[in-house]
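Below are structures written as structure tokens.
Below, chain A partners chain B and then partners chain C, in two separate complexes.
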Partner chain A sequence: MTAPGGHQLVNLTIEGRPVSVPAGTSILEAAKTAGVLIPHYCYHPGLPVAGSCRMCLVHVEKSPKLMPSCATAVAEGQVVQVHEPRADEARKGVLEMLLINHPLDCPICDKSGECELQDFTYQEGPAHSRLRDPKRFNAAEDFGGDVLYVANRCILCTRCVRFMESVHQDAVLNVSERGDRAVIGRTEGGDLARPWAGNVVDVCPVGALLSKDFLNKARVWELDRAASICTGCSQGCNIMIETRDTSVVRLKPRPNPDVNAFFMCDHGRLDYRWMNRQDRCAAPATGAGESDWDSAVTAAADALEGRRAHIVASASLDNEVFWLLGRVAKKTGGTVAFAVPTGPEAPLPGARDLALRADRVANATGAGLLGAARKDDPFAGVGPGDALVIADLDPAGVPVSALEAAGAVVWLGTVHPGSLSKLNAALPVANVAECEGTLTNLRGRVQRHLQARPAPGMARPAWSALADILMALGEEAGYQTAEEAFAAMAAAVPAFTGMTYATIGLRGAVVASSAEGAP
Partner chain B sequence: MGYPHKPHPRETPVISKHFGDPEARSLAGWKARGGYRALEQALAMPPAAVIDVVKNSGLRGRGGAGFPTGLKWSFMKQDDGKPHYLCCNADESEPGTFKDREIMRWTPHALVEGCAIGAYAIGAQRTYIYIRGEFTEPIRAMEAAVAEAYAAGLIGGNAMGTGKQVDIHVHKGAGAYICGEETALMNSIEGRRGNPRVKPPFPAVSGLFAQPTTINNVETLTAVPHILNNGAEWYKAMSLSNPKSTGTKLFSACGNIAKPGNYEVVMGFPFRDFLYDLCGGPLPGRKFKAVIPGGSSVPIQTMAEAEATLMDYEGFVAQGSMLGSGGAIVLDDAQSMPRMIARLTRFYAHESCAQCTQCREGTAWTTKILDRIVAGHGTFEDLDTLLSIADNMTGKTICVLSDSCATPVVSGIQKFRDEFEALIAGRRSSTVAMGGHAVARAGASA
Partner chain C sequence: MTIKVKVVERPMEEVSYLRATAKGLALTFKHLVDPHKVTVQYPDERWDISPRWRGTHRMLTTEDGKAKCVACGLCPTVCPANCIKLVPGEDEDGNRYPLVFEIDEFRCIFCGYCQEVCPEEAIHVGRHYENAEYSRDRFVYDLQRLMEQQHGVCEMWDPSDPKGE
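Right, the complex of A and B next:
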């Protein structure tokens, strides 16, 4: 039999379950396909195999020794037992050894609750310690960047060392010393103030490498998680937004082999505080002051009536939003434009096509496909016949000259418009963490983000506000959900033809390459 | 420094024949003693024929594992288009072993010749002799011999005028026991941390610089020229007990013994005669208590076991131990076994590369417990814990350092449990428990 990639398939039995996997697969990975998690520490699917923690030892029929399942390739007819007395005993022995010098300080450890040492010890470890002698002690150390090293909790799995060496390809970490004196060390002058170094915290299976940003912030079992997309650049790394109550407390990478493997950069990881901003625009307003939604939508529609919409939008807004903005522009004979802030590109050398991209917005590709124009100065050319529509921008970045030149101003924003000199309508909208939607990354991959926290006050998703404005302008736009808006967009825009939220799933789907943009 | 003793009449000096003879160190002196004839002969043979001679001789690895040398060489695929490497393991870091040191000190050209023949047989263009860093004198001797051999055209791009390439490099280790493990040694040569590698892939497939590599011990390679000169049958005939163990073997003897040193005997020689006759028996007024016969990593033998042993690969196994590297550590009745074993495990705890959990933690934990027992604070439960830790440390790690640490603990507790129990019970009156160290010192300097 042959697998899709042309690989020969190998048949074996793991815990009594038959599996077929491509030749060259490790027993550990094959077991996953059989629904069996073989306990392990040093193995990580995104890193070179070390085979050193000896936790994944399994019994392979006809083999005199227990085999490390991470470093043993499958063979035809192999019979593998994970829970077999000798293998169970060996793993219990490893857990006992890992724990003898471990401080067992779970109550004050940030990793508690998502710690693989804790999990496997509960699952199959010894209930008591036989250690009667003093434990080894090593002081905690600031590794630079966002990383704190708590050596006492370290199990020397070397995932961090291998990440820095093989994936980051900036080998600043090593194993220093030998025997039980060994600790993770840094090369002379080396630290983890590197663009992708924060991933060592994620690959660490225990509480040895901690995020200084997240330190003592929350117990992880108190967190709620929502799948999302990082808006730090155009790469579109898949992430989890983690909230305690309704505050975003950390971002974690969410594996996606087509986009970001297992990783995300520190720039994206640490850029989340804006999601919790307190100076949010929470109520709609007309030129006369705070109002209800109906009045504000009417005011916005009135502002657009008889004027060309000159729309300037953030290029991190959703595809759905750009499509609806495009329809507003089309209805009024106007335009949609966006500017793209840029920064230095920082690739992750050991991963395929993964970098902190120069374009520091999430959806420039989607905006382009939907007819918006990238401009250095998107406010240029606003005149008295124009209604200036500002979508999700910082009020400080709006030039006074454009406001003065415009015939009317409509504000859709997450933050309060403040003291804009001219304002016909202000519509409070949800930020990316507060609504559902899709973003298109630089490779044309359309990816969904889910809602992680409620929007403040009366704020609504931007697509919903725009749908109301379009209907007030006499257009058909009665969408009740983001999914409905997306479906309508997919029906109208060739690039998105055939896509639905269901088919995109959480891995994303790539736009049709020959597709042409504007609605 | 001269060689400490004249050969004993019951020795069979083949490898050690010229130990103590300073003239054998130079190229001219070595040639005058028949050197480099075997290399000349080998270079005129097809490599496969050289391997066959070694196979037929029954030569087995002298570093510890006893793997048949010719068979190991035959694993190297000829003409696979890849660079091949030969590594000579001259790290000799096993406590109690010092035979390779003497080979390199006295007969460096014998090793150069052995390496050249081995390299030719396996199609290796390049050979690395990896010498333990502390071996300053052997390093100087080997470097001088390699330089002489290059200058004389015996090795190099046109070895002995045959157009064949045989390059030899002397590489100095930096002092880690684990770098005597074959794959750690390769990492060390490559400039990496000396950590053993996960096998497979085995060195013959992917070894030094990820190319096919064979690694042989100094004594193994040194035996090869003699085999070519005298024939496989001659070598094979040197066997006093089991036909699977052939030739002569250099045994190192140290510890509480009258005449420590290196002795070369035919495989199967009675260990009793070796200890009492060749090595002169115990120090005056003392009795032998135990022997660790094959370097510190093999099980401890009681004297009953040792005295019943025939010295070959099978003979040591039959009497509860292993031939190992052939470094016999002899202990007399003034020694405390728990104390000696604690010292050994401290060595392993210090040298563990820290990759495998059981080894990194187990060696240190074992040492903590043993030190506590020796200090008089042990419990009977500790003995069970030690045996259980040893079981967790055996057969489960990348290399055998972990097993090597567990071995003396298990055999020590099994065979000398009374000494552990005496310490635990607080019966510390005997010299065995506390005084042994001081007495042994006095004996050694006498």
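Right, the complex of A and C next:
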């Protein structure tokens, strides 16, 4: 029997469950497919195998000694037992040794609640320590970047060392000293102020490497999580937005082998404070001041009536929004334009096609596919016959000359428009963390993001506000959900043909016209 | 229409109230001379309350007057009434401490789980029952108020019965 990739399939039994996996898979990975979690510390699927922690020892029938399951390949007819007296005893011994110098300061440790040492000790560790000697003490050390190293909690699994060496390919970390004095050290003058170094916090199985940004902010079990997409650049890394009492407190990478493996860069990771900003546009307004949605939508439609829509949008808006903006432009004979801020590109050498991209917006590809034009100065050429529609931009970035030249101004924004010199209608919309939608990354992968926190005040998703404007202009756009808006777009735009929220799932799907991996 | 009422003829000794009055007064006069007293002369006298009494909270402090709490978040997690509000923060020495620690004593059901779960032996339910206040908002105890409480604290189990633990 062969797997789809042409690999030979191997049949074995793990904990009494039959498993078929491609040849060369480790027992640990094979066990995961059978729903058996073999405890492990040094093994991480995104890193080279070290086999040093001895936590993943399992009993393999006919083998004279216990085998490290992370470093043992599966073989035909193998019978693997994870919970068997000898293996349990061995792992219990490993845990007792790891806990000798571990301070057990879980109450003040940020990792508490998502700590693998905590989890496995609860599952199968010793209930009491037999140690009577004092524990080793080392002071906490600032590793630079966003990383704090608390040496006392370290179990020397070397995941961080291997991440920096093999994935970041910038060997800043090492194991210094020997024996019971061993700690993670930095090379002379080296620090973790590097674009992808924040991932060592995620790979660390215990609370030894902590994010300084998240330090003492919340307990992880209080956090609510929603799958989302990073809008820091056009790579479209899959992330989890974690919120506490509806405010976003941290972003974590969400594994997706087709996009970001297990990682995300520090630029994206620390770029979440704008999601919580307080100067939000929370109530709709007409030229006369705050109003209700119906009046504001009517005012927006009146502003567009008889004028060409000159639409300037943020290129991090959703595909659905760009499609509806395109329809507004088409209806009025106008255009949709966007500018793309850029920054230096920072690749992660050890991962396939993964980098902090130069284009620091999430959906330039999708905007292009949906008929929007990338321009250096999207406000250029606004005339008195134009209705300037500003979608999700900062009021400070809107040139006064364009406002004065425009015949009418419609503000569709997350940020409060403040005192724009001309304003016919302001519609408050939800930001990427507050609504559902899809974004297209630079390889043409359409990915969904879910809602993580409520939108402020009367704000609504941008697709919903635009659908109302289109209906006021006499178009057919009665969408109740983002899914319906996406389905209508998929039916109308060839690049998205056949896609639905269900088929995209949380892994994404590639648009028809672009082959993944092509530059 | 007239209603016929059946009148029962009872003997005099049954319908007379004199016997019942004498009986009641006998009990009253008995208590007047009986040395066994039930009424406690509060507030001059108070009952001894059980060592396991669970009353309003108290936060214990270290020797230098700081709250023992490290803001680990276990008490708000375990609290079945959701009455503890905790926001963790860092003090000037980089130590974890509660920026906000509030207990809504109205919502509290005095189960004592917060004391039982506390790894630092910081929050305690008190051996205390005099909680009257002039306004409702005074029943949300903040950290300062919890630290100022001086009353005794609950023994979660009877110290004379080690099996109770």
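In this text, the second predicted complex is superposed on the first by the 513 of 519 C-alpha atoms of A that agree within 3 Å, B and C clash if a C-alpha of one lies under 4 Å from a C-alpha of the other, contacts with A are read in each partner's own complex, and residues count from 1 in each chain.
By definition in this document, a residue touches a chain if its C-beta (ideal position, glycine included) is under 8 Å from a C-beta of that chain, and two chains touch if they have at least 3 such contacts.
Bear in mind the structure is a predicted one, so any value in this text is a computation, not a measurement.
**Student:** According to the stated criteria, A:Ala487 is in contact with first (chain B), second (chain C), both, or neither; which is it?
**Tutor:** Once the two structures are laid over each other on A, A:Ala487 reaches no partner at all.
**Student:** Applying the document's definition of touch, where does A:Pro107 land relative to chain B and chain C: first, second, both, or neither?
**Tutor:** The second partner, chain C, only.
**Student:** What's your read, chain B or chain C touching more residues of chain A?
**Tutor:** Looking at chain A, the partner in contact with more of its residues is B.
**Student:** In the overlay, answer first, second, both or neither for which of chain B and chain C A:Asn216 touches.
**Tutor:** second
**Student:** Please work out whether A:Val49 is in contact with chain B alone, chain C alone, both, or neither, and reply first, second, both or neither.
**Tutor:** first
**Student:** Please indicate which partner A:Arg132 is in contact with in the superposed arrangement: first for chain B, second for chain C, both, or neither.
**Tutor:** In the superposition, A:Arg132 touches chain B alone.
**Student:** Please work out whether A:Ala282 is in contact with chain B alone, chain C alone, both, or neither, and reply first, second, both or neither.
**Tutor:** In the superposed model, A:Ala282 contacts neither chain B nor chain C.
**Student:** From the superposed pair, tell me which chain A residues show up as contacts to chain B and also as contacts to chain C.
**Tutor:** Dual-contact residues (chain A): none.
**Student:** Which residues of chain A touch chain B once you look at their complex with the stated criterion?
**Tutor:** On the chain A side, the touching residues are 49-55, 57, 65-66, 68, 71, 90, 93-94, 96-98, 100-101, 130-134, 136, 155-156, 158, 174-175, 177-180, 182.
**Student:** Any idea which chain B residues touch chain A in the complex?
**Tutor:** Going through chain B, the ones touching chain A are 176, 178, 193, 198, 349-358, 360-365, 368-369, 372, 379, 382, 385, 388, 391-392, 395-398.
**Student:** Per the contact definition, I'd like the list of chain A residues that touch chain C in the complex.
**Tutor:** 106-108, 112, 215-219, 221-222
**Student:** Which positions of chain C touch chain A when the two form their complex?
**Tutor:** 70-74, 76-77, 88-90, 95-96, 119-120
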